[in-house]
Every structure is written in C-alpha cells, then in structure tokens.
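In the part that follows, the structures are each spelled out as structure tokens.
Same chain, two partners: chain A is paired with chain B first, then with chain C.
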Partner chain A sequence: MRMAEDAVEVRRLRRVFRGRRKSPGVAALDSVDLVIPAGEVHGLLGPNGAGKTTLCKILATVLLPTSGHASVGGHDVVRETAAVRRIIGIVFGGERGLYTRLTARQNLEFWAAMYGLRGRTLRLRVDAMLSQIGLTERADDRVEGFSRGMKQRLHLARGLIGDPQVVLLDEPTTGMDPVAAREFRTLVGELRDDGRTVLLTTHDMAEAEAVCDRVTLIDNGRLLATERPAALSSWISTYSRVDARDVPAERVPQLICELRDIPGVAGVRAIQPSGIRVETDVADAAPQVIRHLLDSGINSVATSTPDLEEVYLHIIGERGLRVSR
Partner chain B sequence: MHDLVRPLRVLRFSAGNAWADMWVIFSPLTWIVGWVSRVLVQVVFFALIGLLLGSDDAVRYLFIGNAVMITAMEATMSVTTTTWERRQGTMPLLVAAPTRLWPVFMGRSVQWLPTGVITASVALFALGPAFGVDWTPARALTVLACLAVVAVATYCFALLLSAIVLTAVDLHNVISNVAQAITMLIAGVMVPVSFWPGWVQAIAQALPLTHGLAAIRAVTDAQAVGPVAGEVIAGLSLTIGVGALWLLAAALLFEGLAAAGRRTGSIEFAD
Partner chain C sequence: MNALAAGFTFEVRLLRRSFDEMMVLVTAPLMTLIFLSITEHAGRTDLAPYAVLAPALIALWTIALFTSGEIIERERQNGSLEPLVATPVAIGGVITGQILAVTLLSLVGFAESWLAAWAVFGIVVPIVHPTAFAAALVATAFAMAGTASVMSSVFVLSRSVRAYQNSLSYPFFVLGGVMVPVALLPEWIEPLSRVVFLSWSADVLRDSLTPEPVTSLVARLGVILALGATGFLVGLVLLRRAVDRLRRTGTIGFA
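Showing the complex of A and B:
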C-alpha cells in the first residue's frame, strides 16, 4: 500500500470530555497541530494527563475528536475508519491487551485473523513475528508464564502482525526493567529501518532522546514544541545552569544578591552543601555569572548542558509531575 | 468473498480462546466432580419437588424442564465470560482492528455450548429412567439435536445480554442471574407457559428455551418420534428463528457499543 508523504496529519484537533450533569467538560486536546512524515519515529513527550494517550486514541480510531481533523496515511480517522485501521498497529505498555491463557502463537494467530490473514500466509507471518521478537522457543507456552519483557515483545509482535505502516506505541516500556526497555528500544529502531512510521508516547526523556527522530512536547492538551531531540536541547541552551561550590557560608547571601542583578539571570538559590545555583535565561548571561563568581574568589564553578529532561522541565515547569484536570 | 469468510475465521480463533479459558477454569476431573455433579443434584432437587406434589407427572415435568434448563443456564454463563475481554484490556485493540466485534464475541464463550449439551444429556439420559423418562435411540438422538439447537439459540440471546454487560461490567452477575431466573420461571421449566398471564406468555415467546423445551417435551411425551416430527421441527424452527433475531440484535449492539465508545471515550487503552 502506498503511504502518503505525511503519515500522520493533525489540524486544530480538539477533544473535550464531558463531565457529569452540567459540568463544562475538560479539554484533553486543544487546537493540536502535528505532522509526522512517513518513516519518522516521533516522540510525544509529556506528563501524565497531558493528552498523549488521547491523541493516540483518536489516531487509533477508538475515540472521536470533538472538532478538527486527523488523518493517518491520508485517510480521515472519522470518515475513513476502515482504511485507517488497515494500516495502523497499536502497542501499549503494561500487562494488559494479551490473552494470557493462550500461547504466544495462539495470540498472534488470533490477531492475524483479525487483520485478515489466513492459511499459509497467516502461519508464515506468525512464525516470522515470533522469530523477530525472539520468542520462537517459547511460542507454544502460555503467555501467563512470561516475564514482563517477553509480554511486551509479544505486544509489539501483535501490533505488527498486520504489517502496519504506522505504529502507535503508547508508553510501551511502562513497568519494564532497564534491560528489557533497552531491548525494546532496539526493536523500535528496527521499525524505523523497516520504513515504518512510529508515534511513541512516553514520559521518559531518555527514551525519547534515544529512539526518536523528532520529539513533540505536550502538556495540558496543547503542543508546546516539536523539534529534533538535539535541536530541542540546543534551543533550550539559552537556559544555562551555573553551580558554584565551596562558597563560604557568610558570603552566600551577599553573592546571591549580586548575582541576581546580572542581566539574564532568571534565578539564584543556595544549594547544599555550601553552594549557589544560578539559572539564566539569556544565552550570554552564563559567562557573566562565571566571571562574577571568579572575580569574587569562587573558583569551584561548573556549568551543565541541558538534556531533554531539563528541556522538558523548563517548558512544562513546576507542573511537571502533577496530573492536570 | 473474503469479507464473508473473515468473520468466520475470527470466530474460529476466538472459539479457540474460549476453549483455552475452559481448561484453565476446569480440568476434566473438576468439571465432572465439581460442575456436572453439582448441576445433576440441582436437577434432582427440583424434580423431587414433584414428589411433594404427589404427582409422577409433576416429577417428570420438573425433571425434563430442569435438565434442559442446564443447557440454557450454561449458555447464559457467556454473559460473565464476555466481560473477561474487557478485563484483559483487549477492547481498544479489538475496536481498532479492521474486523467487526461480533464474530469475536460470538466465538468468545462457545465453550459453554458443548458443556451445556453434555451436562444436560448426562442428566436426561443417565437419570431419566429414574424419573419416568424412557429412551429409545431415535428419541435420544432427537433430544440431543434439540439440546444443541437450544444451546446455540440461548447463546445468541445471551450475547445480547453480554453486549449490555460490556457497558456495565460490574452488573454481569446481576444480569446473568436475573435472566436465568426469569427463563426458569416463564419458559416452561417449572410450570407450563400457559400458567402465566397472557403478557408473560408473550414475553416467554421471545425466549429460545420456550420453543426448544416444548419440542423436547413433545419428543419425550410421545410414544415414537415419527408422529410428532412436525411439531418438533416447528418448535426447533421457532427456536432457531428467535435465536437468529437475538444474534442480529446482539451483533448490532456490539457494533453500536464500539461506536458509542468512540463518542464518549469509554474505550480506554488501559481498559
């Protein structure tokens, strides 16, 4: 099947969940615009309740948008549901979504039938998927005896059984141990190599940085930024951090006052033990802070390069780990 | 052609899922000792009420009614097992797959069809002579076929209840038990359908068991199968027809459930 140039296109997408009785409802997504080119691994990064899963559900055709437009592979998710369902695969994290009393093979056979495969084609496809995820040896064991990592690999195989062009991975590494998560990321890399488009929702910065071509930050139902992970980090590099160590305790209050007066300094606070942390929000402010510290006789000074987590926390701010309503 | 065959293929694989569930719940030993013996005691218990009435006909009537009721009762257990689909978190995946929901759910609880037929058969054929029911090969085979029809048709009725229960999973036991109790009361199991007021009789006509049980009573009450063949075929035709209508309604409701879930957001990824 030929894939549209843009695998996913979302325009002014809005989804409001109505509350009970006359409550006004909550906008889980609000005026969301997003374009994912075919073949891209795209990360959707945000805290719990940000709207990541809502967007995934709309693209997966299990939720209707309140307004706006969303298409997958050029097919409208509301009007061309059947066409969308033929080209997507869904994988979500955790234990659910598998028939634990069936064997791995039986699970895949069932889902292969759901995706229209039959006969020899079905059997070959199931064997190929089992081999790809390294479960051939355990193919005829019941899933209830599998480790979490094995279940997650089976989840991925289930999501790929229909040979989807677009794969929606909703927090797929939730609850995985680090080794299993790393294995899973390798598998995501293989999806990219196969030319599939992947939308990966996560609140794990390292995961987004490791596997995504581009990352979109989302919070409170709104997209905040879309960039390549490295570009996102450089974009936020205007937000530098300077840590001063071994500052004599009696000099800390005075130095904090002086540093606050430097243009571009966004915040200054004492840190333990005997230190000061300076946050700047202008690109050339950090050198001035360092110079001032050195001129004041403070020689233990360090700057840090922001990683995606810091980008994330800068943009989302203090709300980072709270669930919005 | 593929579009016609695909639901049947899905139904087959879903039935495999049902069968796997069956042998997790029961082993052959626990099924015989824990389940079959329990329902046989239930049949005997209700049949013995006829003794209190001092009527051999009542004993026989209650025995046949309650033995056949086992088939309907087990078919109605699909209401509960359907909810397992929701508990396993597969609903969003099923909705998002390019195949309709009804074949999945139609296959999902079929384990209760053979078990219901076998259990009722054991009751009827093993215990029947003790309660005044004699068997010839022709009569036994005809009743076996009737039981199969009752099982399938009642299963179709139960699928509609299952679709309702998917929107209110916590009520699965309530709906299943109420349905079984009503069926037992008005479908001719304990008392003839004619015992009830007209409007209750009208409701009873919508239950597959009413017609299937009537056909079975026609067979067991007759000296030979031949003379009542027309009556049996008519009863089974009604059973099949009523079952087909319930199946159609259930299929529409399953699809309606998916459509409503898309609107309301009730199909959760973590569901």
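Showing the complex of A and C:
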C-alpha cells in the first residue's frame, strides 16, 4: 500500500479525560501538533503521565480525541478507522495483552488471523516472526512460562505480524535485558530499512538517541520540542558543565564566589568529595571557567557534553517523580 | 468468515487450557442425579426426561452467562481488547466465533446428563424423535449464542457484572421452563416466558422425548431461530456501541 508523504499528521489534538460528575477533567493532550514523515523513526520522550500513551492510543484508533485532527497514512483516525487499522501495528508496554495459557505460536497465529492471514501464508509469517524475535525454540511453550523480556519480544512480534507500514511502539523494551534491548534496536533499524514509519515512546534516553531520526519531548500533554537527537543535545551545549576535583576544602567557598562572578556562569555548587560543579549558560563561558580554575591551581578539571537525558531534564524541569495533573 | 473461524479456533484452544471456565460441566451430571433421585423416589418415572433434560439446559444457560458473557470483559482485563480493536478484523465476527465455540462445547452437558442417568440409575431416556431432537438442539445452540452475544456486550459496560449474572440465572430457569414446563406455572408468567427462547427449546426437546408426535415443529423451531437471530443482531449493535463508548471514555484498556 502506498503511504502518504507524511505517515502521521496531528493538528491541534486535544484529549481530556473527564472525571466523575462535575470535575473538570484532565487534559492528557493539549493542542498537540506533530508531523512524522514516512520512513522516519520518531521518538516520543517524556515522563509518566506526559501524554505519550494517549497519543499512541489515538493514532491506533482505540481512543477518540476530544478535539483536533489526527491521521495515519493520510487516513483520519476517527472517520477512517478501518483504513488506519489496515496499515498500523501497535505494541503497548507491559506484560498484559498476551494469552499466557497458549503457546507463543498460538498467540501469533491468532493475531495473524486478525490481519486476514490464513493457511500457508499465515504459518510462514508466524514462523518468520518467531525467528526474527529469537523465539523459534520456545515457539510451542506456553507463554506463562516466559520471562518478562521474552513476553516483550512476543508483544513486538504481535505488533509486526500484520506487516504494518506504521508501527506504534509504546515503551516496547520495558523488561528486556540489555542483549534483547540491543537486538530490539537492530530490529528498529531493519524496520527503517524496510521503509516503515516508527513512533517509539520511551523513557530510555540512550535508546532514543540510538534508534530515532527525530525525537519529540512531551510533558503535561504539550509537545516541548521536536528535533534530531544531536540537535537537541546542541541546544544545551551552551549549558556546559565543568567539574573541578581535588579542590582543598578551605578554598571551596572562595572559589565558588569567584566563579559566580564570571559572565555566563549559571550556577556553582560544591560536590562530594572535595569538588565544585559549574553550570554555564553561554557558549564561551566554559573556557573562562576552566582558565580561572587552572590559574587558581586546580588542575583536575573535566567538562562534559550533554546527552539526551540532560536535555530532557533541562526542558522538562526537575520535578522528579511527581506526576503532574 | 475468517474472523468467525479465527475466533472459534482460538476459543477452543483457550478452553482446552482453561477448563475451569467450563466447571459447570462437572456439576451438571450431579444435578441430574439430584433431580432423578427426587422423581424416582416419588415414583414418577414418567418425569425422568424432565430430570435429565433440565440439568443440560441449566448448564447451557449458565455457561453462556458466566463464560460467553464474559468474553469481551475477559479480553479487556487481559489487556488484549485494545490491540484487538486496533486490528482491521470485524471484532463482532471474532467474538461471535468465540461464543459459538463455548456454546458448542457446553452441549456436552446433554451427553453427560444422559450418561449419569444411565450409569447411576440405569435409566435410559429414549430420544423418540431424533430428528426433531437434533434440530431443536441446533436451534437452541444458535439462540443461546445469540443471547450470549447480548450478554457479553452488556456486561462489558457494567460495573457489577456478578450481580447481573446472578440475577439472570434462576429467574430464567423458571421463565425458560427448564424443569417445570411453563404451562404448569401461573398463567401470567407465560407471556413473559414466550420471549425467552429457552421456553420454546425446553418444550420441543421434551416433546421429542415422548411417543406423541411433535406438533408444529417447524414453526416452533422458527421462533427459536428468530429469537436467536434477534439476539445476534442486538448483540452486534450493542457491541459496536460498547466499543465506541469505551473508545470515547478511554476505558477500553482498563481492567
């Protein structure tokens, strides 16, 4: 099936979950705009309750938006559900959703039938998927005996069994061991090579950096930024961090005062053991900080470049584990 | 058709591994023995067909109520309703296939009941009109599946499924005339019972066990089939509405 130029298009999408009676409800998505070109692996990064799963569910046609527009492959997710469902595959996170008393093969046979496969075509497709996720040898074992990682791989196979053009992966590596997670990244690469579009929600920064062409940061139902992982990192290259080690304890307070006076220094604080951390918010501030530290006789100095996690924390803020309403 | 077959095959596989869902089939022959004990000790050997047929019909209804009726809710609690709705399949076809599988397996209760009567009391209830009996059995299974499809769509939207299920058992055993023919009940009950397919089924099945000819067989089978078809139709409409409501409220994946 030929895909529209943009595999996913979301305009001013809003979803409010109403409480009981007269409660105003919670906006899980608020005026969200997002375009994902066909063939892109797109990451959706955000804390719990940010709206990632809500967006996935709306695109998967299992949740209706309150207002706004969303389409997949050029098909409206509200009015053209049948057309959308023919081209998507979805993997929700967690262990639920599998028939644990059936074998892996029986699970996949059922889901393959749900995509209209039958007979020899169905069997070949199921065998191919079992091989692709490395479960061929356990194909005829009941799923209830599987590890969490194996179940997650089976979830992946279920999502891909219909040969979808757009794959929605909602935290697909939850519970996978590092080896399986690495294989998953390879699998996503293969999906990209096949020309499929992937929307991947994750908490794992390394995963998003490793597999995504672009990443969207989401929090409180609003999209904060959409960029390539490297570009997002460059955003806060101005927020470089300089760590000084082995600073004599009696000099720490004085040095902190001096460093705060350097233009472009956003914050200075003591770190254990016997060190100082300097955060800058201007591109050329870090060299000045380093020079000052060296001139002050502090020779153990290190700078670090931000990874996606730091971008994430800078933009989302440091509200820890709190789930906002 | 593919959806129907897939749902049927899937449910058979699932039930093979989840026999607890069909536990009623363990108690049905015991109920046969209880009913037969009463009729035999009362010296009413002529009521043996009633005593044998009633537990089988009760098993059929109970399994529809507690197993078929919970099929959609079971998918929802398992977390598989969400991905199922997201597939291009006609979900009504899949659920109907599953309900048909459960209903067909619940017919085992008839064989069990007959066997229990023979094995313990040495009573063989002859099927005097086998064609009528078989036709009534098929029509009954069809109508039971149709009624179960209504139940499953209603139950998925209910917050107190157990209360509904319990309230839909004994009143329907009475209205369905499964042990006591409706004709023997107070007159005002009859109009109510005539919209319950089970009352027609019980009457035809009992008639096929007696030497007298089964009168108006085609018309009575027609009523059973019509009530069953109505059930399927209402069930499919309710299923569509239930899924739409779950999509609207965002509770399709809630356990």
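Going forward, the second predicted complex is superposed on the first by the 323 of 325 C-alpha atoms of A that agree within 3 Å, B and C clash if a C-alpha of one lies under 4 Å from a C-alpha of the other, contacts with A are read in each partner's own complex, and residues count from 1 in each chain.
In this text, a contact is a pair of C-beta atoms (placed from the backbone, for glycine too) under 8 Å apart; a residue touches a chain by one contact, two chains touch by 3 or more.
Bear in mind the structure is a predicted one, so any value in this text is a computation, not a measurement.
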item: Partners on chain A (chain B, chain C) - clash or fit; value: clash
item: Chain B versus chain C as contact partner of A:170, first or second or both or neither; value: first
item: Touching partner for A:56 - first (chain B), second (chain C), both, neither; value: first
item: Partner chain in contact with A:85 - chain B first, chain C second, else both or neither; value: both
item: First (chain B), second (chain C), both or neither touched by A:283; value: neither
item: First (chain B), second (chain C), both or neither touched by A:271; value: neither
item: Intersection of the chain A residues that touch chain B with those that touch chain C; value: 15, 17, 54, 57, 60-64, 82, 85-86, 88, 90, 92, 94, 96-99, 101-102, 106, 110-111, 113-116, 118, 158, 162
item: Residues of chain A defined as touching chain C within the complex; value: 15, 17-18, 54, 57, 60-64, 82, 85-86, 88, 90, 92, 94, 96-99, 101-102, 106, 110-111, 113-116, 118, 142, 158-159, 162
item: Residue ranges of chain A in contact with chain B within the complex; value: 15, 17, 53-54, 56-57, 60-64, 82, 85-86, 88, 90, 92, 94-102, 106, 109-111, 113-116, 118, 158, 162, 170
item: Chain C - residues contacting chain A, complex; value: 2-3, 5-6, 9-10, 13-14, 17-18, 78-80, 82-89, 94, 247-250, 252-253, 255
item: Of chain B, residues touching chain A in the complex; value: 2, 5-6, 9-10, 12-14, 16-17, 20-21, 24, 88-90, 92-99, 104, 261-263, 265, 267, 269-271
